[in-house]
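In the two assemblies presented below, subunit A is common to both, partnered first by subunit B and then by subunit C.
The block that comes next holds the complex of A and B.
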């Protein structure tokens, strides 16, 4: 496995793609409309598929091609489409009023997390032999941004999308950094993601039938 | 022999299959219980094999059972068996009273089997990626059980559970990725770099920064599943709202699976970073959890929530034992996880019978349960004393062992702190449960179970569990002792 740096064309493509994935996470964090959340998530997933395809091309690994295709179809199309149909349209969701911090503060926090990710896992401190070490801090930052979205947003649908973004960050790390990551594990993670999405979808619609409007922000109830 | 552990994990799926294919809920319940019994029997065989010989392992360590895995396998399988028997009576009552439709009962048993299978499989793999997949699968299957009784509170609790657990466990996956990176400079296949035996054997050569990150992220991530404070916030809701036998599974089995993952990571950290680092991390999370658990146990009026906070406390005690470390600390922590599982299973199963009979979980509306339901009340009382660490039950021995481990260390004041917290827990718990069990009769009691078979199914598992706890307090079988010793050697 050769090490990729920005100097090689493959490394440059991967790094650029990773930066775009990070930007789409930030864009989602800075948005207030449910429809936009899904658009940015879909965009991010397509970029993730590009990253997987790049890694597949560089490594000549057919398994990674399969993964790129799965990512494109499921995350780039099926999940956003299902969420748009079952959640955004059916529940008539427009503006997210369940954000606990202002958008500018959210973005400041998000940027701080990006800086933290870079300081905590700067490429030169990691072991050598990675496919593209410069992507490690970026994928960590995407995970943190997804977690931030889950924490500052109280609406169930927004939390669900935050989780999906987090998973994209993990996948970016798994796909591009370690092209040799066992395939069975990646497929398993994919399956979990899908099952989790379906269960959360069912719970959201189930709760929406009982409580409307939906925003669920209550912390633990103690009696 | 690798097929044997695979069979142990696959057996509970028989119950799921019955639930999916047949409309007779009684058959699904019977199949679930029978397969759980077979699963426990084979788990004991697997554990015995691991003491005597090398670990049962497949290529790439996707299937890998050593002493530690065998110990947790038996614990989980035992809880699954008790909970499946309890499910048979509990669900029969709820179906008869119209609380649950036949369809929901079928969903319950379908998810129950998947849940059990995923947990059993999780303690049988050494591949950290597969471990994540299985723990997440167990989470998702159990999420289906939480809101099954159809209350809005249940749905809310289920949502909080799935969203916080998924977040936490994704963090654990990032931790696994960092461990993978930390080994990437070493020779060997990609499967090996993600497998526990390889990482443990090469712990000294792992890149320290990535290893430290991987360990911390793993503890926070799986700690969310274990209910270590401050990641415990989902736990009381989910454990209180789930049907009682499902609560027993969540508290008695799933928490242990999370702890198992942490112990695996701790073993690598102990070797690679020195035991100071891992030990201190466990002590911080452990004491915080004991503190939070105990504080929230005070004046808790919903007894299932009380039991749930007690689980937070006990997971904290286990973490403290691991943090004290040494042979005694780890031995005590492992033994405590088995004891706590049995005790908490009895509490939830018997508590479930009380909730069915009185239609409430509020202790201020309950009184004199022992008089109205002698068996259930006595079992609850016994299990409450056991869970509080009163002799002669098993938890006394394991807590005592952990305390001795702490006294052997260089910070004996930590032991004093732990004992003080345990004393507060004792008072808070016994005050609430004592009033409900022994006080003046209160609340309208209506016998939920019909026929001797249902009665036996409702009481029997708890009787067996309590006898086992009593036995563990008086005598540790040599079989269990060597299993524990084997596990301790792996973790130190």
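The block that comes next holds the complex of A and C.
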């Protein structure tokens, strides 16, 4: 995996997939409806599952196939479906009014973060044409974009989705870089559990608040 | 022989552009379960307008009169520069690269805007202002799109870009190229008043963008204006297909037969892009005016990410 080059077909698929994952993060950052957030997150997770499956195919490792399947079912279907049912529909969330910056400005900031990720990782120091040199800056950018989503959005559910995007970014980097796959499986399942936990948390908070979900970041000022 | 092909190419653009628009109008109507006008309707419209007398406001100035001719000259110039039927530069192609072509197209738009402001009608100035706002957002994105293909071919000459991509088909699925192609498609739709930016079949003045510039034209002038805008759409679609999507099937500049083969191939490619435009026209809603900025911002972003990935992923 570490010595996989861009020129190989597998490398080309993985790098294209990584760019699509980046784009879905930007799409999520550029939308205003809770329903869209979840759609783009589900799309990103499916793309991540494709990346994991490609890695599994290249390595011939059954553990990675399991990981790809888990990603597809848990993140691509279960988490978005549960969030849609328990959070978006039950709390009747439609338009996110808790965005602190305009969409265009957010997207510009997002692009700047992508460029920053490239500069920070400086992949040109790695051997030329190596797959890791292309995917690591992209996964770093996805992590930063998820962080940006958590920074500019005040609504708890929107922040949760930002967190999930960050996690996808970490996962993308891990698939491309790490050689010890059982570790990734563990880490992946751990993160999924944590994501489930956070969703439960958001759900209970939402149920308690019912009409007005908790606006994080304002609580100090309002009380 | 190349000169003959040069004339053939321009004539082809002149002749095929009403058909292209007619096919899109008919196809969109059919997709929306309507009957729609015949695909030849634009030709009939042109004949009708060319036979009608011209009515101009007595307060309209000379710029208003000259604008359609200047614009038409610009579109004819661009039709000699870009690759349409041959993959080798024709004698007049030395005049400009893609940036040059975009400059001449912008000049045509500038002339039409000046003409609209000189039309002695408030709607003209309003349309000019809207189009200028749209153009100021679309133009930077367009230049970035040219950079994305420029990164792949190390050139901004459309013929070299065509060769670079036709020579290595793997470049077609490079992220940089895909992002650039999608951004270019978004810009074509915006520049030619298609959904989601404008409704080509719209008749309400308050919602028009580009069409409100030309409301004051009539007769022969109107025929030129409309024909010119159809040519612009056809030219941009040709560049989209020949440089971004399917860089194959162009003839060499050696014989007339090759040119005719290239023409047939281009007609087929335009049918494909027409199908794409029809699908988009009937599956999306028109955006609110101030959301167009976000749409064009999206195109800009795609092109910019394309350029960043060209550094990250390489070419």
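Throughout what follows, the second predicted complex is superposed on the first by the 175 of 223 C-alpha atoms of A that agree within 3 Å, B and C clash if a C-alpha of one lies under 4 Å from a C-alpha of the other, contacts with A are read in each partner's own complex, and residues count from 1 in each chain.
The working rule: contacts are C-beta pairs under 8 Å (C-beta built on N, C-alpha and C of every residue); 3 or more make two chains touch, one makes a residue touch a chain.
What you are looking at is a predicted structure, and each value in this text was computed from that prediction instead of being measured.
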Which superposed partner A:62 touches (first subunit B, second subunit C, both, neither): neither
First (subunit B), second (subunit C), both or neither touched by A:115: second
Partner chain(s) touched by A:140 [first = subunit B, second = subunit C, both, neither]: first
Which of subunit B and subunit C A:196 touches, first, second, both or neither: first
Residues of subunit A touched, compared between subunit B and subunit C (which is higher): B
Residues of subunit A contacting subunit B in one complex and subunit C in the other: 128-129
Touching residues (chain side subunit A, partner subunit B) in the complex: 120-121, 125-130, 136, 140, 143, 147, 150, 156, 159-160, 163, 166-167, 169-170, 173-174, 177-178, 180-182, 184-186, 188-189, 191-192, 195-196, 199-200, 203-204, 206-207, 210-211, 216, 218-223
Residues on subunit B engaged by subunit A in the complex (per definition of touch): 60, 62, 127, 129-130, 132-133, 136-137, 140, 143-144, 147, 152-153, 155-156, 158-160, 162-163, 166-167, 170-171, 173-174, 177-178, 180-185, 190-191, 194, 207, 209-210, 213, 233-234, 236-237, 296, 300-302, 305, 362
Complex contacts: residues of subunit C adjacent to subunit A: 170, 173-175, 178-179, 293-294, 297-298, 301-302, 304-305, 308-309, 311-314
Subunit C partner contacts - residues on subunit A that touch it in the complex: 6, 12, 15-16, 19-20, 22-23, 26, 30, 103-104, 107-108, 110-111, 114-115, 118, 123, 128-129, 133-134, 137-138
